[in-house]
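Okay, so subunit A shows up in both of these, paired with subunit B first and subunit C after.
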Partner chain A sequence: MESGSGDGSSAFTATNDDLPMEAELLKRAWRNEKAAPQILQFDADLVQRSRELIKLMEETVEDFRSNGDDPLTVSLYQMDVDRTHFLLRSYLRTRLQKIEKYMFHIQKTPELWNRLSRQEKRFAERCTGDMEQHLQQSVLSKLPSIYHSHLRQSSSSEEDDMVPEPQLNTYVICRSKRYLGAFQLDDSGEDPVTIEADDLYALPYKSIKPLVETGQIDLV
Partner chain B sequence: MVFFAFETLKFASGCCLVAFSFRSSIIIGTSEGFKLIGFCHFCLHGFYGPQSDLFAQVIEECNSHILHLGSLIRKSEELKKTEELRKTNNQELDETEKKELRAYSSGALVHHFSLLRNKRCLMAYVYHRAEIIRNLVWTIGRVLPEEIEEKISSAEKDYFKKHAATLQSYMSELDDLDLAVDMVPPKDPYIKVRVLEDIGNVVLSDHSANLARHAIVFLRRTDAELYIAQGSMEEITS
Partner chain C sequence: MDGQSDPQASTFSAAELEFVAEDEMIEIVPNMRMDPLDLICGKFGPFMPQIVTQVPIWLAIALKKRGKCTIRPPEWIAVEKLTQVLEAERDSEKFQPLPFHYVEISRLLFDIASDDIPDIYMVRSLIEDIKDVRFHKIGAGLEIISKERTYALRLKNLSAMEANIVRPFVTRALQTFYKLSSPEMIQDSGSVSDRQPQTTDRGPRLAVADAIGYPLEQTEAAYCSSAYVGLILRPTNTVSHHNKFWKAEYISVVYLKS
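Right, the complex of A and B next:
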């Protein structure tokens, strides 16, 4: 899937101008979600609008087909629908896979938990329940009670020290649509990076996290 | 995939330290847990059967640690009681008793850390396999092929079923939006496929077709993907 996404985005940019606004926004949300190590805020409105758009596009294609329009035109429209459909599916899928991977971390961090949609919350609850039961059954029930937690190594641990977490200091490629000025990456006292419009940067996710979350910078 | 392994080893990373620093002075059992971690790596190349023997051995090792831990704690508590008693009489433990107390408590600590190490190894192993099982849910759907089914434990089969149901219920909440198709970005709405097994007459999204063995047909990508995943069709790329 990873290798495929690269091809996909280049193919999509070719038809940039024709894509309606929603598809463009969906593409942006999808790219951000794909590149960010952490789960981002769920865009319920966008998903709702995209689904309506896809339905509308499908109806249009159906109309064309029944009107006996040029098969090439029909297939081009069909292509457009398929691509938008792929974006939507891939967006939702990427989020679910992140939830699967970091379920315990997301569940115990209110900030991340609140980013999930209603359905995703239910999915995450069931996921953690199943995983917990599986771990209990396979390992934990065979150990003494002070080692029973799936989040802590033993009851004497002071914090949850067995929860896989995303690597936030991983590098991401990002681009800003407008000039953001000098930006201090971390506290190490290094020179701040000047973020120009439309330039590509490879920066640690951790330091640009607030910019991603407020939509000032896009991941690619 | 490399990253995948790295994540899992996070559970186990600490255990090397503990085990090696203690191993130099006291050897307490073999570290079967590490072998389990080794199998995590194998899992990446192919799905190995559950190492149930090795798994049982690690659990066995845990049990003996628990016994030792218990008896050491009891001994050190007895000594502590004696110390309390002596204190009321303004007396102290003698040198050998003090030494014994220290030995008991550090011994208990060693067993405690060994238990933690083994727990991390066991968890990493089970967790890593669970991750592979989740990937299977995404790629091959709700029915496990036989060659995989015989390699996983009954708990894992259970987990597979439950997780597939969880994913299914998420998709039905979204008005049956199937997320398991369209795994790669579409280049063309139709693809050319060769039918490998007799599928018979099926209703596809835009027409119905008779999918006989060896037939070469043009299908909507979303229609064909499921059959390709099940191995009853292959895409012809030229």
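Right, the complex of A and C next:
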């Protein structure tokens, strides 16, 4: 993008505006998901469209093969499909890793729970069930009854203090495509940060969370 | 799982960054005829012998490996241009603008298309030097974080690979400074008080007896009243112990006879 933004690339985007967008959007979702400490909203439409696109292209490649087309062309199409396939799988896998890591936290936080897809919810449910059962069987059931909860240290704890949560005050490296102007990091009265277009910033995730979720800023 | 990054360490692995860099566009000169390609990532071609066309780097590499094209190195990969960048990089504290993926792109081209780059040895060593100078600057720049209160960091013109390398350190360091200077940490030491019940809630209201650690004996108290008692307290209001309160660390009681 950065180096090839000459006159040639604009001609491409003018002729086919929706196809290359898919690949770009998927890459962006993948990057954000990888860099964000907590799970982001599942992009159901994007995943659906990418799946269809991959399927369509795989059929095309099969057609080329059976027609005995130029093997070079076929292999190039195949590479293109493989690349998109990799992105999609890595995106889904990154999400599963986060779900496994913070399953109890996600399960008891409705805001996060609603970010999961139907399949991911099923995965999370089975995951939490299995983990709970495992903890009960291997350790908790052998302890005195006040320690039986897998969410709390003991029954005297006021809140669930044994649930791992993502660190939201961690710093992330981000970049905005447009000039966002002065941005207040938090309410501590510090000077606002001016966010210029295409520059990298290291900022606390908590402060820029709304910008990430509305797609105004990209994590890198 | 090969090529997948460990979520604990850097966010992206080097292989993943290379993957992203391979989507950057580059010019090639094909030596064969091929119909336009209608790919998921865009439409490219048609390919005609000796006619320059733009393709993503991964496509250029695939064609080059099969001997179907020559790659035209981007204009920043040239001795003259790189010499200028290196000089400017040495003279200035700032980072010179280079493509976001310059490390990955130059590496890919050196591996695949070394015969298409004029003065390859010179170019290669210039890129290495530029990388070294920039990494040295990053190291020097990191010292600023520790000297000033830093809440946000602008990494102007830092490239993808450089940002990825400093990420674990920079984000951790900033996070720690942020945590230590946050108002909750200074005012509300509640979470810590559970673990240190003896010292926390007394805070700055230290009584003499508390400071010494045991109640004054009657005789001592009587003695105190007839003497000047100098109490030297050194407040440990550093943030190193998670909370900011007066803790009698060094106490000496000096009795001065009147």
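Going forward, the second predicted complex is superposed on the first by the 201 of 220 C-alpha atoms of A that agree within 3 Å, B and C clash if a C-alpha of one lies under 4 Å from a C-alpha of the other, contacts with A are read in each partner's own complex, and residues count from 1 in each chain.
Heads up, the rule we're going with is that a residue touches a chain if its C-beta (ideal position, glycine included) is under 8 Å from a C-beta of that chain, and two chains touch if they have at least 3 such contacts.
In this text the structure is predicted, and so the values were computed from the model without any measurement.
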Touched partner set for A:201, first subunit B, second subunit C, both or neither: second
Partner chain(s) touched by A:134 [first = subunit B, second = subunit C, both, neither]: first
Subunit B versus subunit C as contact partner of A:25, first or second or both or neither: neither
Touching partner for A:180 - first (subunit B), second (subunit C), both, neither: neither
First, second, both or neither for A:193, with subunit B first and subunit C second: second
First (subunit B), second (subunit C), both or neither touched by A:90: both
First, second, both or neither for A:142, with subunit B first and subunit C second: first
First, second, both or neither for A:154, with subunit B first and subunit C second: first
Which of subunit B and subunit C A:79 touches, first, second, both or neither: both
Subunit B/subunit C common contact set on subunit A: 1, 4, 8-9, 12, 75, 79, 83, 86, 90, 93, 97, 101
Contact set on subunit A toward subunit B in their complex: 1, 4-5, 7-9, 11-12, 51, 75, 78-79, 82-83, 85-86, 88-90, 92-93, 96-97, 100-101, 119-120, 122-123, 126-127, 130-131, 134-135, 137-139, 142-144, 147, 150, 153-154, 162, 164
Contact set on subunit A toward subunit C in their complex: 1-4, 6, 8-9, 12, 15-16, 19-20, 22-23, 27, 31, 34-35, 53-54, 57, 70, 72-73, 75-77, 79-81, 83-84, 86, 90, 93-94, 97-98, 101, 167, 169-173, 185, 188, 190, 193, 199-204, 220
Subunit A contact footprint on subunit B (complex, rising order): 7-8, 10-11, 59, 62, 66, 112, 115-116, 119-120, 122-123, 126-127, 130-131, 134, 138, 153, 155-156, 158-159, 162-163, 166-167, 169-170, 173-174, 177-179, 181-190, 221-222
Interface residues, subunit C side, partner subunit A - complex: 4-5, 7, 11-12, 16, 19-20, 23-26, 34-35, 37-44, 54, 58-59, 62, 66, 68, 74, 76, 99-101, 105, 151-158, 160, 163, 167, 170-172, 174-175, 178-179, 182-183
